[in-house]
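Next come two complexes built around chain A: one with chain B, the other with chain C.
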Partner chain A sequence: MNNNNTLSFLKKSDRTIDYDKNDRALFYYLMRVEPTVALCIACGACTATCPAGNFSSLDLHKIMLSIRRGEKVYIAKEITQCFLCGKCQLICPKNVNTRGVILQIISFLQSSQL
Partner chain B sequence: MNTDIVVFGGGIAGIEAATSLHRLGYNVIIIEKETFLGGHVTLWNKLFPNNKDANEIVQQVISSLNNNITIFLATESTKIINNHNNTYTIHLNNNKIIHTKAILIATGYDVFNAKLKEEYGYGIYDNVITSDELEHILKQNKRILTKQGKEPTRIGFVHCVGSRDRKVNNIYCSKVCCVTAVKQAIEIRQKLPFSEAYCFYMDLRMYGLNFEELYNDSQEKYGVTFIRGRLSEASENIEGKIIVKVEDTLLGRPLKMTMDLLVLMVGMVPSKGTSWLIKELELNFNSGNFVSSLDEHTKSNLTNKKGVFVAGTASSPKTIDDTLADSRSAVLFIHEYLKSF
Partner chain C sequence: MKFDWFVLPFTTGLLTLIFFLSWKYYKWIKQLDASQRKNFWKIIFSYKIFKLVKEIFLEVLVHRRIYKINPLLGYMHSSFALGWFLLIVFGAIETYLFATKPINHLYEPIFFKYFNLQQPSTHTHILFAFIMDLLLLYILSGISLAIIKRFYSALFGLKKTTKLFWTDKVALYSLWLIFPLRLLAESSTTAIYQNGSFLTNNTGILLQEYFSIAKISYTLWWAYSIDLMIFFIFLPFSRYMHIPTEMILIALRHCGFKTEKSFDNFSKIEIYSCSSCGICIDTCQMQTVTERNNMIPAYLFQKERHGKVLKIALYDCLICGRCENTCPVQINILNIKLARRKERIDKRAQQFHYLNNITLNNTNNSSVAYYAGCISHLTPSITRSIISIFEKFSTSYTFIDENGTICCGRPLILAGKYKDAQKLIAKNTEIIEKANVSTLITSCPICYKVFKTEYKLKIPVLHHSEWLYLQIIQNNWNLQKQNLNAVYHDPCELGRGSHIYNEPRNLLKLFLNLKDKQNYEKENSLCCGGSLGNFYLKENDRVKIAEHTYKSIMTKNDDCLITSCPLCKKTFQKISDKPVYDIAEVVLKSLKLN
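Right, the complex of A and B next:
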C-alpha cells in the first residue's frame, strides 16, 4: 500500500498536449462559420470580465486556445458553464464574436454527439 | 585619387546616400565587396507589409545613380589611415589609394549563424532551414519541398533565433523577423493551400504601419496559428520529420508536435565589413556590437571620429523604410560637415 502511495504520481495523466493526435475539426468548422475566432490573442480580458468565471472554472481565453489545440474534452466540459451574457464580446479588443463562437461550439458538439 | 566622400557598402543605404550627396555637388566613391549593387534586398522576393516586389525598391534606388559616381565592385579596403588633419587615406585590394574628407559606413548586417543555436538542429537535420533560405526559395519561384521531395503539410516558424538571446550575446531585437514570419507564413499558405503554418514566439512586435493588419490577415484569412513559447528542442524522427517540444505558456501546458519543415527566423548581426571598419577606424561598439552613434536621438549618424558617418543597419537592425530614411538623414549631417570643411 505504502509503495502504491509514493508512486501515485505515475498514475496521473500526461499533461502534454499531443498535437499530432488531437482532432481539430472544431477549429476548422469555426473558421468556416465564425472566422473571427482566429483573431484571439489570449489577452484574458474576457476571462477577467466573465461573471460566470467568478463562480466557476469557466475561462474563455483558455477555451479559445483549446479550440486551436484540439482539446475537445476540456471545451465540452467547460462550455456548459457559460450563460451567454455577452460581456466578453463587449470587452474583446480584437472584436471576436465570442457569443457567436460559443453558440457554434455548442451546436457543433451537439451534432457531433448524435 | 581624391574625393569628398567614400561610401562603404553598395546596398540600398549606400546607394541612396551616394546619389543624394552627388546631387548636392560632392564627389562620391562607392566601395562594394560583392559583384552587384543592392545588397540583401536584391535576394528577397516580396516585402512586408504590402507585398511589394523587392526588386522594385532596388531598381528605384539604383535608377538615380549616374556615371559621375565612381563605383568599385568586388573591392574591399585593406587599410585606412587617419591623417589627423581631418582626411583619411584608404587602401583598396585593387592597389588603388583614395584620399577622402569623409567616410560613410553603410556596410549593413549579416544574417545570424543559426548553427550557434544547436538545440534547433540547423545544419544537423535536413528539414530545418532559415528564413533567409526560405526567402531565396520564394525569390527563385521554386517549389517548397522537404528534403524527402514532398510538399510540406505542416510548417513551423521559430521567432527570435539569435535575437533577444543572452546565450549568443545578442540582447537586441532584430525588428524585422516577427513581421517577416507573418509574411512568409502567408506566402506558404498561398502556395500550399493544404498546409498548416505555426509561429512559435516570445512576443509579437507588430510596431510598424500596416504590420498589425498583416498579422490579423494571417490569422483570419490564412488560419496561421501563433503559439507563445520558446522551443526547448527540435529533434528528428525516423521519417525525417521534425518533432518540436514547447511550453504553451498561455495554456500553461507542455506541447509536442511534428513538423514537415521548420523555419528559423534568423536575426541581424553586424556584417564582417561593419566589424572591420569599427576596429580599423577605432570607433565605439554599441550594446549590439554595431557602430555606436554619438547620440542615439540627435546625432544618430555621427560617430566618435570626426568625418566618419554611419547609415542603415550598420548601426542597428532596421527595416528598409528606416534604412532609407536613415541614409537621407546621414546625407544632411555629411553636407553640414563638408560645407564648413
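Right, the complex of A and C next:
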C-alpha cells in the first residue's frame, strides 16, 4: 500500500467519461422541445462559419456533442459567448434549427439555475 | 316617476360596468408617465381636441380602417358601433323632447316605448320614431351579417374567423340577442298602443297573428333588460372591452404614448383595444402556409387578456410585421412581442469578454465604410459586387468586417436579450467611429434596421440599394439596359422595418423591366420565411413559406427575382427555378456590359 502511494504520479489520471453517471436531462429536454438537435452529425460546419468562434472558444460542434454527453457546466459556460446571428443555421447541412437549440439551452439553464 | 322592476337588471349592469371601467382605467393611467400624461390637458384646451374627436369618431364608431381593408366587414362593425351610438343619442333626445316628466332617468331612453305609450302625433315625434326604427334596422342588418360571418366567413373574403374564449362567446351571444329582443319587446308594445314606426308596428302586427301579445310583452321587456345586464357584466372580461378602451388608446396616442422597448400599462391598453376582428389571421403566413395559430396577434392578445401566454406564442413568429401593417387599431404588435420576449428570456448576461480583442486594422482615409454583415459573408457574390463597384468608380472604402467581425446586435434583440445587444452596439459604434468615414454602407437589411434605430451614429447609414441609387443619379453612371422581366421582393426589415421601398425600385427601373405585383409589394410584401425573428420554425416549414411567397410573386413570364437582402436571397435560392439576384449584382452586370 505504501508503495502505491509514493508511486502514484506514475499512474495516468482517469480519463473515462461515464455516460451512465452524466445527467442527460438537457438532451431529453431538447429532444422534446427542439427535436432537430438529434439530426446533428457533428460535421463542424457551424464552428467553421461562427463569427463569435473567430474571437472566442465558442464551438457549437463541441456543444452539440456535450449535449449528448450531458456536460452541462461546459455548455453553460460556452453558450454565453454566442450572439445568435444565425450563420450556423444557414450553413447546417442537416438543417438543425441551431438558434432554436441555443434559445432552448438558455431557457433550460435558466430554469435549472446553472 | 316611471318605474318598473324590469329596469333593475339593466341599471345594475350599467352601473357595475361604469364603476369597474373607471377603476380599471384609473389604475392603468395612474402608472403612466406623468409628464406625458399632462399633454392630455394641452390637447383638451386647444384645436387638437377636434382632431382627437374626429379620429375617435372615425375609428371607434365608423371603423374607417376596416372599411378600407374589407368594406363588408367594415359595414358590419360600424353598424354595431355607430348604429348603437346613434340609437343612444337619438333615444336620449327623444326622451328629452317627448317624455311627460322632465327628469330623464338613466334607463328611460332604453325602455322608452314601454313607458311612453301615446301614439306619435307631431311631425317631429313621427320623425323620431321613424329614425329609431331605421337605426334598429341598421343594427339588425349588421347582426345578420355577423351571424353569417361566424358560420360562412368565406363570404366576407376571410379565410378564417377568430376562435373565441368562453367569456367572449357569452358576450357575443348576448350582444347578438340584445337587438332582436329589443325589436320583439318594442313590437309587442306597439302592437297594442301603435306608438312605434314602420318596423316595430309591422312586426307587432305580425306577432299578434301568432301570439297573445299581452301575455308575452312583459316577459320580453324583462328578457331585454336581463340580456343587457349579461352583456355589461361580461364586457370587461371579453373582447368587447375594446369598445371603451380604444377611445382611451387614441387619446393616449395623441398625448405621445407608444409601446417601445418595455411592456408597460400603455401596452396593456393596446392589448385590450384589440377587437379580435381577425384581419391579422389571413395576413399571417404562419397561419395561411404552416397552419399555426399561437403567434397570431388576435389569439396572442386573447391569451394576454386571460393571463397565460405560452413561450411558443412569442418566439414562433417571423416578426415580419404584416399583421402590424394591416391592424385596423394600429397596435404596435412587434414592439409588444419583443418587449414580452425581453421579459421571458434569461436575464443573466452573455459573456462577450473577447470584445476587447477586436480592433479595426485597416484604417485608411476613405470616404465610405462598408459593413457587409454576418449573412452577407455567406453570399460572397453580394460583397464582391459591392467591392467591384467601389473599385470601378474609385470610391475609397474601408471594409469593416472583411475578416469577420461581431454581430450588429439585431438577432440578440429579436431573442429578447436587449442588454447584451447593447454591448455589441457599443463595440461596433467604437469601430465605426474609428474608421473615420462620412457614410456607412451595409448590405444587410437586418443590420441596417438596427444601425438606424439603436445605434447613435453621427454619420448617415445607407443600405447599398440606397447608396447605388444616389451615386447613379448624382454621377450619371451609364447603365446598360438589360432585357429582363424582373420582380423585386421587398425584404421585411428593409421595407416594413425601415420604409425603404422606392430607392431599389427606381434603381431597377433604370435598366430593367420591373414588374408590378400590386398585391404583394411594398407594405404588403410577403416574408421569405428565412427570418431571424423565429426560433421554432423548422427548415421544411421555412421552405413552404418561401415556396408560397415565390409562387405568389413570380409568374411564367418573369425572368428573375431580385431582392436586396442576403438572407432572402439564400432562402429563395433553395427553391427557385429562376435565378435570384441581389440588387448589387444586377447593377454591376449592367455597369460591366457598358
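Assume the second predicted complex is superposed on the first by the 98 of 114 C-alpha atoms of A that agree within 3 Å, B and C clash if a C-alpha of one lies under 4 Å from a C-alpha of the other, contacts with A are read in each partner's own complex, and residues count from 1 in each chain.
To be clear about the criterion, contacts are C-beta pairs under 8 Å (C-beta built on N, C-alpha and C of every residue); 3 or more make two chains touch, one makes a residue touch a chain.
These figures come from a predicted structure and were not determined experimentally.
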Simultaneous placement of chain C and chain B on chain A, clash or fit: fit
Chain touching more of chain A, residue-wise (chain B, chain C): C
Contacts of A:20 with chain B and chain C, given as first, second, both or neither: first
Touching partner for A:36 - first (chain B), second (chain C), both, neither: both
Partner chain(s) touched by A:49 [first = chain B, second = chain C, both, neither]: second
Partner chain(s) touched by A:87 [first = chain B, second = chain C, both, neither]: second
Which superposed partner A:109 touches (first chain B, second chain C, both, neither): second
Minimum C-alpha spacing, chains overlaid - chain B and chain C, in Å: 13
Overlap of the chain B and chain C footprints on chain A, listed as residue numbers: 36
Interfacial residue positions of chain C with respect to chain A in the complex: 311, 315, 345-346, 348-355, 357-358, 374-375, 377-378, 403-407, 409, 411-412, 414-415, 417, 420, 424, 530, 532, 535-540, 567, 570
Footprint of chain B on chain A - complex, ascending: 15-20, 31, 35-36, 38-39, 41-42, 61-62, 65-66, 68-69, 94
In the complex with chain C, residue positions of chain A that touch it: 36, 49, 51-52, 54-56, 80-87, 90-91, 95, 97, 99-100, 103, 106-107, 109-110
Interfacial residue positions of chain B with respect to chain A in the complex: 216, 219-221, 223, 225-226, 228, 248, 250-251, 253-258
